[in-house]
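For reference, the structure I am asking about is given below.
Going by the order they are written in, the chains are A, B and C; count residues from 1 in each one.
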């Protein structure tokens, strides 16, 4: 049986958090009831009068109106709605009015992490970690159990390597960067400062490069390996999810610029270049030598074929396949619409005759034109 | 060169298995030849007279009729077909008649695993494993080489952690649950009893949550991290494949209910809720806050977008993209039909004019209506 | 900030490489300037007069003409273009003329890896590795930190296990095969000679097999596990990317024939059979019991449903879904064309009425036929 939500207690502050202290730290203005303390953060629908919640968008107005959250972070336009919720507790409802509630909520989660619910982290260098004599690990870096730092590698100030992390020969981990359990940073690969890589991600495996060579029997071709002589270079403030693969380049390097954010299970082929502050949702695949601009977003499961270029500010919907370069900013999609199975079967079968249908329509148009 | 099938011998019982013992344990009725022993389990097409096989569905009638399996597990309707196969061995063919051959076959594989072909498993706590002083590991739990159990974590009776498993701070592994090699169970995450998680799966990495914040240069937005303060809660009898990712929730928890079965390389976003006995095939992606009902199935590579809801008993075909909530049970699909490349090119090009074609058809209809 | 390209220096030969030595080793003919040494390998667009580059296809003619590479590997038809590039250095440009520039380039990268830029590798058996007393590890095999070789496993001559590799009970690693960090080779699984498996790949997790069994409450079915009693057998010269999953068979084995090449994040279900020299790009999923021929290619993200058959020499485009067996060689596709979001929305909505449109067109044709 799934156990009851331990999170409610886990996330709670034992003594409550002074609301005035939060507002002083994060900005904005308190309105309504004189709430002194909040005990936990909660989504609108789960919140109780001891909770602090937020509403990021006017489309959640109905959820706001039904919410029992003692305090709600809102934009000015929703302040009255937050204050005038029905069935108020003694003293009434409260609103914390800010210009950008979502950004304030983000900052609040970081405050909460720092002050109420600290993240567990390794302390110092675990006695079971293995550091090669020729590696350079800063005295403030923290290494979990069985972490490995190979010869010539550098781990900068305040960096953190989780259990079983492998930092290979001559790799470089920037200051304050955290590598989750089982992450591999391949030889000669570099990640900048304040990065975060989640468990199981492999940075610097070989790119997929082979030259076809005819077999003597004439039946087909075998694949001769092209050694991947490049590496991976990652900028500052980059976050990469769990079980991703970022391949090393064939000759030059694969590059992720500053501020790139990747979700889980993402494949970045060799020599791909991803511009700054571009974000990709889970299960995206970028084939080799593609060049993705800055400030792009790619929805979950999207695929970009090799050697293509995406301009800055291009947004690709989930599960869409980019088959040609996109040089204009904008929002692009290519998803087969889901339907009940019978309807889909009929439409999909007809789709295979679509070009013929068009020809028939053309013929009909010619025939019926006076 | 791929070596010859060692499986044939590997899976074989040295002395043979008494068929009567199997039938006594698993139910049903023996008919036909008086077969005393079987030596191995085999699919219909590979079976020989020493083998026990099964036929799960009448559509495999032709395979059944051609099979050389000494004994075949069949439903009553196929018993005669199993017995009357051509070219019988001395004594004839045998059938083991049961109500549900596939379920009996499943039970048989479990019996075989228990009695003939035991799964290798760690014995006790491997001397290289590292258990924090504040962890609680049941004396019957087994830990492989270099397994890690961190402070405050609990490993219940009979649980098994493979090589290099990491059970982080305050995480909880239920009784009899097995975590394969390199699995990570993140801090505060819980899995119930009798679970099975295959190698490389990461439970409890951060969900993908960021608030966009304008850059001072006005060129675009950077992403401010939303700390993920929730965890993952997994029920009993859950199986999760290899190299999956189950992210921790942002505020509340990500939940997999009892009996959920996930194949490999599946992405479950933060705050997703999966109902009991729902099964997902490989490479599925479920975006954040989606709510999947009970008794659903999702085919391989299917994608469900964020914040959507699937009712109970919804079945999604492989590679289909769920873009809207589905509130009625049923079978849904959205797959572009594959075709030879030339035909596809023509149809795909025409598809980009589909709306225009519809308008032309409408115009034509108006024009030709008397 | 992403650091400047360290690769340029990293890949460079300190003393330069004698061009005549390369040509002697790899074949072909030098034309043009009497270049004695090259210092690095580089793509056409990044190359300088100290660099050796290549042009694999006439479509890169413009890049060739603009390239500053001192020497370019070209086919005979492009030799003049390589020699007559504008703005030559003193002495002119040089061309290395070969029959198949891409294959020569592949061989060159291997030469470079062997002579100029060696790959870091473990030396001997790392003191932290754990080898079971009943395992057999060849004296020339190399094991990284915390590698595990379990009872009855065999590691052949010159094989290399990266950090944290797990070779389970009775598994077999062929001569000269390399397993990257965190690779798992499951019990009873075998990989042949000269293989390469990249980090985090799991070979031999259970296939996804369950029999549905009605629940007593009548609300639906639970899933009873089918124990996976087979294994995985992999031939010689196979390369598998990072974070892939190759599941063990249910009764028989899952098989990858000689020379198969798999990119990253690929899912191979139980009892799949992949023919020799077939290559698959990243994120491909092959469902259980599919039989893929020899000399096939599957583009990134392609999906093959279970129990299907692909003939030899079948080529599937990226992101295409194979829903029926393909018994003729050829090139097959099924990709929804990407478009700007508004156009896609209109076309996708119309697609849901496609069958109805066809019926309307038919009616119109009947009505307007004289």
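Quick note on the criterion: a residue touches a chain if its C-beta (ideal position, glycine included) is under 8 Å from a C-beta of that chain, and two chains touch if they have at least 3 such contacts.
What you are looking at is a predicted structure, and each value in this text was computed from that prediction instead of being measured.
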Copies chain A and chain C - rotation angle from C-alpha fit, nearest 5 degrees: 120
Copy pair chain A, chain B: interface residue numbering same or different (half cut): different
Cα-centroid distance, chain A relative to chain B, in whole angstrom: 25
Per-residue multi-chain contacts in chain B, two or more chains: 146, 164, 182, 200, 243, 265, 283, 301, 335-337, 339, 349, 351, 353-354, 357, 361, 364, 368
Residues of chain B that touch chain A when the two form their complex: 130, 146, 148, 150-151, 164, 166, 168-170, 182, 184, 186-188, 190, 192, 200, 202, 205-206, 208-213, 215, 219-231, 233-236, 243-245, 247, 249-253, 255-258, 265, 267, 269, 283, 285, 287, 301, 303, 305, 316-317, 320-324, 326, 330-337, 339, 343, 346-347, 349-351, 353-354, 357, 360-361, 364, 367-368
Footprint of chain A on chain C - complex, ascending: 1-3, 5-7, 10-11, 41-43, 46, 100, 102-103, 105-107, 109-110, 112-113, 117, 119-120, 126, 128, 144-146, 162-164, 180-182, 196, 198-200, 237, 239, 241-243, 259, 261, 263-265, 277, 279, 281-283, 294-295, 299-301, 312-313, 318-319, 335-341, 344-345, 348-349, 351-355, 357-358, 361, 364-365, 368
